[in-house]
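Shared between the two complexes below is chain A, which pairs with chain B and chain C, respectively.
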Partner chain A sequence: MRCKRERVIFLQQTEIAVVGGGPAGLAAALEAVKMGCQVTLIDRHAFLGGQLVKQTHKFFGSSKQYAGIRGIDIAKRLAGDLDSGPGKVSLELNTTVLGYYDDGVLLVEKDERVSPLFPERIIVATGAMEKMLLFRNNDLPGVYGAGAVQTLMNLYGVVPGCRVLMIGAGNIGLIVSYQLLQAGVEVAAIVEGDTRIGGYLVHAAKVQRSGIPIYTSHTILEATGENCVEGAVICQVDEKWQPLAGTEREIAVDVICLAVGLTPLTELLRQAGCEMYYVPELGGYVPLRDENMQTTLPHIFVAGDAAGVEEASIAMVEGKIAGISAAGSLRSCTKIDGLLEACRQELHELRAGDTGDKSRRGLEKLRKTMEKRKYAEKDESTGLLRA
Partner chain B sequence: MLKKTKVPAFYEHKNGLPHAERMLQGPFALIECYQRIPCDPCQYACPREAIKTFQDINDLPEIDYDRCNGCGRCLSKCPGLAIVIIDSTFSLQEGLVKIPFEFLPLPVAGDVVEALNREGRVVCRARVLKVENAQWQDRTPVIWLTVPKEHVLDVRNLRLIQGDERDGGRYNCLPL
Partner chain C sequence: MRVIQHPILHFQRGREIKFTFNGRELTGYEGETIAAALHASGVRALGHSPRLNRPRGFFCATGNCSSCLMKVNGIANVRVCITPLQEGAVVEVQKGKGDILATD
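For the complex of A and B:
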């Protein structure tokens, strides 16, 4: 059968395909380009930066990295570095990776046209998605995810409502509450199921000195209202997170904002056949990988929240590691071991604080599983592994 | 304790405070950072090297009050907005508190505003002495507030007084 000329689809080749242009993907692409690789960076949005483009607050972390710089400016800086770099990154924005084929081909869609891409190495930096919470009427208009509230306010300049109840006192709940206040929106309270605040205390202090109460050991029972949110019923919970009868009270709000955690976006990795492992501390199913961010498929690497939900500064260092190891498996470079070791040391430091215990527990589980697996498969190594 | 009660109680930052004698000698920085998190810009911000060198990026900052002169460089570099500058020697009755403030509209010098504590409760009124909003401060303006001396350790935030309550000229402190 004959095809029309414009229907002919060429197989594009590249050395490294990076899926996702957030902090992890950008860092990975930058490192891989620095090592002389040809990189294709794919993102489904029209802009680079991922979640960074909504982060108007100043970041923590190391001064050697991006501490003290606002997330929005980090995104600009990383994208700028990519522009001014050796120029081997081909950017594919507004482009979605639809799937992975066994022969190593990625199917990508842009402007409603599908084309195949054949990369020698793939770095998956797809990030995470928000978790939902079960309560009565949680489908009423006015129930938002914290990410949606941030997108509306910080990207498009639209406030979600007049008075907000925030569910979750992790960093996202605290930061978005602060940003709501900055946008002139009233925050009625922050509700947290745990007995303590999960996010950084300095973030908590910022909302508390504006008079926002944080109710720990509390949860939401239901959203009230006819056609949209008019209020929320909250109550106290016991140490097993079970509601305590008689502690219910209603708060009048028109927005309920859910900041109850994230789960890694791993569909592509799972479909490609990377071995997955359930680690609740890291947000759900994560791909098994070694300390070079290499998954159980030797040509697929992972970085950022897709590898386990943590902070953006950690995502950037993981991206660096993935970029260096992917490039290192294509090009020989004597500096690689030193570079990787420095990154790993940096990761270790970033996770060593009071709030890093959860990630440390999760990563330890991953490491043990990886070790067991290595032991079991010692004899049937695939040969594709880096020499 | 801190995590559960949430608002740093006074005794919990006593360790961070300079001696009473030092407090009477002039301005100093107070860092309300009580949790080991990976963050280090403050130690590089100090031009007098008054913030002790970190062994680990998660270390809590510790100020050498013999070196600190309350210049405020660290205040503007702290991503957590956790630093204030306190000067109990401002005048006989008043102390000066410099706080980071990222809300619009900004107050202007001469305004009388409500001064809030760590829980967001009004403790007194304060007069705005100066509003710093330089480029190097990167959109975190610093507001200089004069407050009665007994409140210098409590004031952490401000609220503009709306409409006819707004009084630009008269210093008018009403303890609540």
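For the complex of A and C:
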């Protein structure tokens, strides 16, 4: 990227900047304008909706409002709500937030032009990114994240290749495999390191019925090919996920699709100095935050996958909470406590049951860490030392 | 290659757009990214790693991983996975880390 030096740079102000226009950011922006705040919503893509715009499947889950609706249609509804909403959100698409300065300024890039934005509150809803996996030649063109494969085929109608090896049999690996079939692409196999399939049984049954083998207790050792992927070497693993010698075999594929989990996009939060904590259940490093989605920096809030990888319905409710809390810190409103309590109840319901087990464990770790931190702060303010 | 038939999606492609890749004329559609148009034309290797000169393609397609940096209309390090394709775009494989101070 290069910025044209001759262009004048002026400081733009806004009350609340929302970074990321996925379900979390959309919900946050909507709540904040409802409360009368001036909101700037920024996304680096040409469209709103984040991950939702490529999800052609009907949403699973617990979602009270949106289960059974295709992700692409949920994105349209949310963007529509924003248009017909009570206030005006200034929308900045094709715009990337590059960084955060200590004085609270966000550096924003659009059309090769960099300008500063000075918001009173920031809501970070940047989502998550696919995790990489270590294997030989994992940098060859044709090794793609599952999200990238979805973007290419469901958004732009371009197939990623002719024959795909899917790594990971969680929900994403299963769903994207099925979507590949729908786009007319062959899926050679799904490889899963664990002894069992992680995703929902309905999805697994669907792909198996379509003739895609799922190899559990297997992993990928190597991508082969000169300039692009031409094949993959897979093998069996033991219960500690160590490769078993003599079980290697090569499969001819031109795409290796990684669906081995997502990790929160937290660069901005980290740069701003929000305290981070490693919670594997939530996808990696996440910002410490309270139940109002406020980080350890009082003017910065977080929501959605950036706060911990979960699902879209949860991202939306967290977005609502962040929007209400951020707006509530600028405008007084008597209804806030009630609104927040209703959202928290909704989150509680969404995370109930077996499928929410992992999230609950992760969030419990966060809660405990926040509590310890509060004690430490108190001690500092009273000047007392704790043993 | 493009998706021909799909049970759920109907791709309404925008108007045809001509652009060049390393001097070769290619076509894509309005509304898609440079990376999608290149991929549809069979171009998967978009550049080389600056030190070891290994082939590079995109990985995340959300503008995050910087594996897809190319030279577009003389400007280096453009993330082609999120940059919309424009009529007459001159897309090139860049050398090394690209010249950021070049003036077109």
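Simple rule for what comes next: the second predicted complex is superposed on the first by the 362 of 387 C-alpha atoms of A that agree within 3 Å, B and C clash if a C-alpha of one lies under 4 Å from a C-alpha of the other, contacts with A are read in each partner's own complex, and residues count from 1 in each chain.
Please note the rule applied: contacts are C-beta pairs under 8 Å (C-beta built on N, C-alpha and C of every residue); 3 or more make two chains touch, one makes a residue touch a chain.
In this text, all values refer to a predicted model and were calculated from it rather than measured experimentally.
In the overlay built on the shared chain, the residue A:121 is in contact with neither chain B nor chain C.
Using the contact criterion defined above for the overlaid structures, shared-chain residue A:96 touches chain C, although it does not reach chain B.
Shared-chain residue A:70: touches chain B and chain C both.
In the superposed model, A:349 lies in contact with chain B only, and not with chain C. In the superposed model, A:299 lies in contact with neither chain B nor chain C. Of the two partner chains placed around the shared chain by superposition, chain B is the only one that A:205 touches, whereas chain C remains out of contact.
In the superposed model, A:182 makes contact with both chain B and chain C. In the superposition on chain A, A:154 contacts chain C only, with no contact to chain B.
Look at A:197: by the touch rule set out above, it reaches chain B but stays clear of chain C.
Common to the chain B and chain C contact sets on chain A are residues 70, 182. Within the complex formed with chain A, the chain B residues making contact are 2-4, 6-8, 32-41, 44, 56-58, 77-82, 102-104, 116-121, 138-140, 156-157.
Listed in rising order, the residues of chain A touching chain B in the complex are 57-63, 67-70, 181-182, 195-197, 200-206, 208-212, 214, 216, 313, 349-356. Those residues of chain C that touch chain A in the shared complex are 1-9, 11, 13, 31-33, 36, 39-40, 44-46, 49, 54-65, 67, 75-78, 81-82, 84, 100-102.
Residues of chain A touching chain C in their complex: 1-2, 44-46, 56, 70, 94, 96, 112, 127, 129-130, 132, 139-145, 147-148, 151-160, 162, 182-184, 227-228, 265.
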